[in-house]
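What follows is a group of structures, each given as structure tokens.
First chain A sits with chain B, and in the next complex the same chain sits with chain C.
Now for the complex of A and B:
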């Protein structure tokens, strides 16, 4: 937001000619589509599979819908996110004065998101996938007058198309080898496919779907595009669209191909663990609220990929019941992540709309000016930490349990992979706590660090309702994951290769099959409430002897009046960690000291500048880009402008073709 | 059920009453070793009584986070005391919360205090909070690795199972993996509870403070709650250390009165020994420079990795 944060409250509506009811229509349609997605998705999960075919809609092959419990669950999850985002978008679009284009594109984007998990054939899937990529790109470019948005759009377009090419090649070669254009046919013929083809398809899908899920190494679009998109779109992308990357891996590799050799699972676990650790490290040193949340998406998708990889590895090792725990962990964490990340981005959008800021170093003190948003973001942040009573706890607990319960003994691969995964998972959760404490503590507590934060405005009622819906999801996953039990069981039953038919029972107490391990978020929450009331009683000790309570200025070391500039900022908060992980993060720090002209012993001013670049981007992408650019420069030397030379090139080319083709 | 709830209540009461005494005993040992007379084992209790009779002062500009943090901190410590096997293996909450949940609850308290410190908006608060969270980020991996080592044999992360497994198979208790895990857990406890050489509980020097920096704005009853909770956190961690590695004396699921009495005596003795050892060790140590602390924690992480490796690759050593 490059506008004056103070003036935003009275900003004149730009002359786009949008009717005042348009945001309500756009948001309403989005929410209705979402609700429809939930209903249809749940019907497919619990009822008979839905089939539909519309011959004329997509060229050549027609639109083919096959909704089984797996697709239905992803559809319902997408729909739930869209419903919350739609309600929120009514207030957000009105406050941010959205033009007609994003208002129209938002429901279209949701529609494409719902089509992808419903697709029953390769063509329908690819059609929906590309439509989803294009509509989301258009929405990312909503504020295209800013340089950062255009750069993010370029990154997104390039990486998503690289991913699309990988998926296209994988699915087309799969469908031509199996002689069938729909997933059911591919699944039936999967057993007869050669190992080379299967392995090739697996690697291509990990690259292609991994790029959509924000997994390393094709993740760089995510921390750029998600922050620069308007916040409801960020929420849809981070909580619904990335899930479909995971969906693709599950649909093709786990379900259609029915799993593979053990190195498949191991590969996915390595990619997932690397993404999780890298994402959370970047999140913990990021000072931009939305960028932090975007990197946290890479982290959580990494954890989910790790869980799916674990279930594939364990399934291939003949440990079906443990594989099922890992699968349940992946599915449950997917739901939890969708809930807390949607809420996180929506709350970040409220902050952006209320202050014009998303730089944590300039925020602060929002708890007083925006109390509801603060509480709601707190719920999201607690979920993202993976601590008990938060939404992320149960999924991470299940993943850890599946790793603990893996019998290893004589299996060297498992003995190596499992402990290292636990180390990665543990580092991820530890750093995740830091990132979220920073986001909440620096952004919302303490005192405002800028004028924009000082004059923050609370979100409008529809925005609050949208966020409350997402918060409800967080609370359900955190306290009563048992509510999701029946749906998860149905989904897992479609994935027999990873032991889906013998998953853990998600009752009031989560019990693991064939293993002595259990946890009960609901009972823990109740016991915690009892403990807190006990402390309230303890705190009454000596109350009779106490003088009346008073409010006094901060002690603050007994110094003179405290200014907001004396507070820690997000950058200083993360400085010790940045120092510890210096070798991985490689921050670009620059200190320039200006001396007084008369003496170099006196300092006039010190300029400190620090920037946090993405190490993978720097060391992987730019060399490729530079090499391509160098080749292009070399080719340009042949372009002298002389028509004779061009005729010569043409003749030589023709000769080559003739000689080769003869 | 009624019996197990009564036992959980006994555990909570024991930790509540015992925690200030543990702190007092540690200070007393240290004072004697340094040639001072010391305030006596009961001094922390006298401090608490004094604090709870003082005026409640709320600093200007703080929010509900600052006021609620002591309650979350103490509440989480109480809940942990009810879950873990202090006296008996039959806690009614054992099936509701395993080692992972206990560690999570511990960090929930840490997070609450770190947020309260940020809420004050002072430089000290931010400093303490930032340092504490750095320590947490490095401590958590080690704790989970220790957990993994311990649960490898019994295939459960529930604490009663781990302790019961060691009771059933005592030869395991001194396998190489467990010894390494013990060492790394000790370092973790030192870091998490802010003891030397990670943090100096007796200092008020800004260069070195972690925990004290976070609690500077607290006074009176709220400071009392924070101090009490800090003592309890140290105590429950020492109890965990004692009963996971040396579970002898712990009463089984449905114990008789004699067993309970023996268990109480055993845990008091074990925690006393561990606290003394910690205190004696501290007397000979100086505080590490803050940026050397990650090296110490990385060392404990390495010990944890070695412990896991030893447990999974040397299965014969434990059996």
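Now for the complex of A and C:
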């Protein structure tokens, strides 16, 4: 098959040296680590907290593990994602001929992902965090011979390090002010810390952890790094790593600091809502399947941040029971997002491996050639829409309920923030449906739009098993969220500042304490299944009495047969939306008409070019980069090479030091 | 109140309908007062189209007798074909009839459609409608007047 170098997902071809069993070993170890993470994490959620200390492993401070229900839950979630990805990676690595380096790095990355939520001290946490950033960066750069990958790696490295600096400053000042290097000690001393320090730490953690979670404005690495990374890595990053950004915010701001003034929650809600709306808008106009999924991650992390912000705001306003609903919504949506986004990226990886394409404008018709992948991606897309029977429904429904049932009274802040966030949530959900209908409808249905899509190959069995595992997670969250109830209750109980000890009970029917409204996904699903089977039965009934079906050519408006070029493409599907949100999206479109030389009424050709840039990146990052470059150029002017001038600089510097230090 | 006085002044625009003609053509669907029509221009001079649109205008209002123009043969019970069949429209005409669900009816409208009319033996002409698809109703005239069109349609709708 001819592969387009830009669209292809082929990894660095391993020349020699990688044994044929290596992918199985790498994927197997990854999956085993994941399974171990699930077991250990769940034990920490339901059993006694785990403590361990290994003095020699990390320089100076030693490795300190403290697993409480909160960390355990994140560990189990990460482990579950890793298990599915590990199984999938066996087939994927084999088909894409991975070199030895990514095969080794994949399990290492999973290990660092498991260490972060288990960390009990600031040093261990920072160590795990940076190790996670570096291993993921190395994995993003797997295909470093392509320019896009190198540029994505640069973006990722810079933004993740900016985030790391913010986290470093926050955690180090927190631990020095509280006189304790572990989270338990910080929590004990948190009440005595000054408001300035607490506020500073909050802002720094929102920036630092927000950059990892893909929240605005430090989200730009996400839509670059996720598409360019190999798909199992994208799945791990999008379904497990970004969660840890949320984990950091919950661990430090909600748990260790025990919440704060009301503007904390409001800030988080604003950042979350902006990320959600911006992310979903970008996703709905994106024509690249993996870029679309990456922006959808920004959207969902935005929703989760909004839910956590709401729970903090409501908790600080003394509305503990509603705050608890918002917290449950955040945790549930986190699990749902991990399930459907892992599945989404894995299915996108199967498409990439099967067709060499991830450009929706050139895909299509995969339903025939890749039926299993199509069904599995459909489950992921349904989950991402937030419609009933999809994984994302319950979390978004709970968030909406918590916002609707907030008694606003004469509280100005609440009566301003809550209705606006309901609007943001509604807009996000609506546009999310557009984005996912586009991804599924254009990518998988209709007719193939290119040769690559026409010759698609179904994913290999291990890839399908990996995706099926993730799909199982989606179905459980969608149909039986009650199964997660006990774990969520245990996690929430460690977060009393947001009413975690009085959360809604997730039974077969979700009921909200202190608020009207209940829903039962299980009964919904059962009713749906019964309705479908009834329709099928009715359709079969009396089939014999009807005349036999006649096959006629497809109606093509009287013209010759339909061609794939007549179909909607991802770009044309999103065009109306792009027009409506022109001011936010700022697409770069260009139409050039060439007329025939003899007459202006005849057209020789029309060239249409469109590119969707990221408006935040364009208007926030590049000015900063340009300013830095300008300053650097200015500084360079002083470097003339004249030794006399340098001596003068030295003297002036010395004088300044003497005068200041006097 | 100017619009009310204007309405009063103008009075009734729709022409009083003459008595229903005898129902000579059985409706394809077996129903009364319901005929969904897809119009096909097989190569007409557009005179027939003008009169057809006149027949469906507010003055002659063929819809009050149950005839409706629809946008796709998939929705249609009958085809109204105008004009002589040109070489270019021969295939599309046959395709359109194939795309119309059974039971169906073909109404050839205008002299051209019925026997080639004034364009018979023209260099771009393939033949009359009846040469390519079975014709059930012929409506003569060059072009037929809206009155004639409405009358013919009423023979099918039975109203």
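Keep this in mind: the second predicted complex is superposed on the first by the 632 of 662 C-alpha atoms of A that agree within 3 Å, B and C clash if a C-alpha of one lies under 4 Å from a C-alpha of the other, contacts with A are read in each partner's own complex, and residues count from 1 in each chain.
By our rule, a residue touches a chain if its C-beta (ideal position, glycine included) is under 8 Å from a C-beta of that chain, and two chains touch if they have at least 3 such contacts.
Predicted model, so just to flag it, every value in this text is computed and none were measured.
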| item | value |
| --- | --- |
| Chain A: partner with more touched residues, chain B or chain C | B |
| Which of chain B and chain C A:558 touches, first, second, both or neither | second |
| Touched partner set for A:425, first chain B, second chain C, both or neither | first |
| Chain B versus chain C as contact partner of A:531, first or second or both or neither | first |
| Touching partner for A:625 - first (chain B), second (chain C), both, neither | neither |
| Touched partner set for A:576, first chain B, second chain C, both or neither | first |
| Touching both chain B and chain C, residues of chain A | 550, 552-553, 555-556 |
| Residue ranges of chain A in contact with chain C within the complex | 550, 552-553, 555-556, 558-559 |
| Of all residues in chain B, those that touch chain A in their complex | 12, 16, 49, 52-65, 70-72, 74-76, 78-79, 82, 93, 95-98, 100-101, 104-105, 107-108, 111, 114-115, 118-127, 129-131, 133-134, 136-145, 147-148, 151-152, 154-158, 161, 206, 216-217, 219-221, 225, 290-291, 294, 301, 305, 308-309, 312-313, 315 |
| Contact footprint of chain A on chain C as seen in their complex | 40, 72-74, 92, 95-96, 98-99, 102 |
| Touching residues (chain side chain A, partner chain B) in the complex | 284, 364-365, 367-368, 385-389, 393, 397, 400-401, 403-405, 407-409, 415, 418-419, 422-423, 425-427, 429-431, 433-434, 437-438, 440-442, 445-447, 509, 515-520, 523-524, 527-528, 531-532, 534-536, 538-539, 541-543, 545-557, 562, 564, 566-568, 572-577, 579-580 |
